[in-house]
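As written, the chains take the letters A, B and C, and residue 1 is the first residue of each chain.
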């Protein structure tokens, strides 16, 4: 397993956002956490990426316990993420954004930065090449020198993915990547995600849109009110009574019978 | 001896608590470390001074000065902060604006009036003192203590037992939601500014009377104590400010008595830094300070 | 023009030129903290610590200036570490409050402890810092900060200023950057203090209080923080303006305060909003 959470729990005053969730993400493929709004998906993501400390439970990434590690250390260990509300660095150029994603791979020391020795310059051009490759993957190479904040919405989402991929992470966490996109944009996004997974990076995404997930993912985990109610292949999720109830409410689910 | 020192410490602490009441209210509700607060304190003292020079009795000059200081606070808040609030600027941005403003205000006041120390005319309370059980309290000190308790009590009552207080607390918690629920947040913010400014002004008069010194930078010299009180007491916590003020007074008097009087500020500062290291939401405060 | 008047004029200019160098360094000391999205108002206090410790090393120990200058950073760095806490995790409003407090405290300490000369301050400090040294230090600081600003480190600094959460998720060690920025700020201000003490031969407890602390902020905000040159430009403008417009001299603190207000409200990127081109690393 690349990533595993064990009994992961996060309580807020008067509510349990994530309740004893066990999640296992294999070393390859595309995996999803789905669930209705307010199911605790984003909280789970923040727990995994280290932005929110858990109330109890454990997180194991690439064989080591990262539960107590801050977010930046997890990023340097090979975890990259995007955000539901886009957080590109608006006033930086598109290329600079991608280069920021490369931060975990930078090794130059302060004296090397100040003196700009040849070895440093080689590393520098390698970094640019890598950032441009990530932009190329996301189809943003032609806009490399525009300000990130000026990009259209869909491109900003893709830029976030490119930025996360620039650091060549082992695990890519996508928080509602398809939110606000039209069908055409969704299709091209799905292609991008498949290309990323084919390149060897494991993808874990959070979505509340079932159809988008169904065709794309190798496995899904369904959350409802902070609890894991299902885990398995997408096709089985469609048949699962608890999942249908969670999405449609018990009454509609009963009326549909098993027809869904 | 020790008893007298403890008493002196409590009385000194009452001045700190009095200074910090409005300060902590401003932070707690408006989410601004508003450094112009020290200026309302100075302004209150000077306005009372001028009014008494025109022959007004101190007891009329005090509320008049408080009201005028409150008015100045509303004007300054409107000029500097409404715009930032609308733009949802972060706390550091508004802190910087008030920092610049207060420097300009102090400096302008000094350029206009000169740096000399002035005194309120010896009025009803000068020289009087109370003695009992071998302890001595001056009338001015008693007045401060009384004012401190009354104002803090009044403020607590306002915040906890009235509809207005409920609305203010709602705004402090969630300004956006409060606005949606029909609370006129702009007017409330102005009202909170007014109350804070008036508290500062009243504090300026009383403390100016107690220390027998009024000068343009008197607010600035209270600032460090103000920080200690609001941080130790919990940002926005009225009861905490009262407790922290008294604690600080006792600590300072004991430091001066048993160590060296030059170390008073240093000890106060050490207290501030130690609390910041360990408990960013204050010693007494429940974390009603800040949430990201 | 009589000789005395000429001397007077030169002397005045000398002081202004020295002030340009010192204030430039102080502006940079504010810049490094603002560049990571933090606000410290301890620069004047750090400067005072550098100035007093350097002056004492020269006066009491008679150490040579070239040894005193680097050692003048020790006290400011130690105090920066102390204020920031054992793990230097103080940030945001709390860092601002603690650093304002530091200035207030140090003034009380200088005034009350005999070693520091009390209200009279320390005088007779050897004038061992010629102007070229001041400007050499300023030039070196500008060069280093310029190179850093253009590098990946500079990009990480900008990233955490723009969006700390996103920067964290990119692997930027936000805490370490914050700490290093505060320490760099202490070093620059400490050097400025030592240089200023050895250029003017006198220091007093009121040179490093609230007013200079806020004035240093006005330098950086007027210039902006798009590049290290911007805050230095701001410092030079605010140093020269009262010299050129004489009536402003008495109101220079008012001017500095108003500049902060106007810059924050209407000129958030400063006068020199040009940003340095960035290299890859």
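Convention: a residue touches a chain if its C-beta (ideal position, glycine included) is under 8 Å from a C-beta of that chain, and two chains touch if they have at least 3 such contacts.
Bear in mind that the values here come from a model prediction, so they are computed numbers and not experimental data.
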item: Shortest contact path, chain B to chain C, counted in steps; value: 1
item: Greatest separation from chain B - chain, by CA centre; value: A
item: Chain centroid nearest the full-protein CA centroid; value: C
item: Mean-CA-position distance for chain C and chain B (Å); value: 30
item: Separation of mean Cα positions, chain B and chain A [Å, integer]; value: 48
item: Chain A and chain C, separation of their C-alpha mean positions in angstrom; value: 42
item: Complex contact set, residues of chain C against chain B; value: 38-39, 41, 82-83, 85-86, 90, 92-94, 96-98, 100-102, 104-105, 108-109, 111-113, 210-211, 214-215, 217-218, 221, 250-251, 253-254, 256-261, 263-265
item: Of chain A, residues touching chain C in the complex; value: 49-51, 70-73, 75-76, 80-81, 83, 87-92, 96, 99-104, 106, 108, 110, 113-114, 116, 120, 123-125, 127-128, 131, 163, 167
item: Residue ranges of chain C touching chain A (in the complex, touch as defined); value: 143-144, 147-148, 151-153, 155-156, 158-159, 162-163, 165-175, 278-281
item: In the complex, chain B residues that touch chain C; value: 33, 80, 83-84, 91-93, 95-97, 99-108, 111, 220, 223-224, 227-228, 231, 260-266, 268-269, 272-273, 276-277, 280
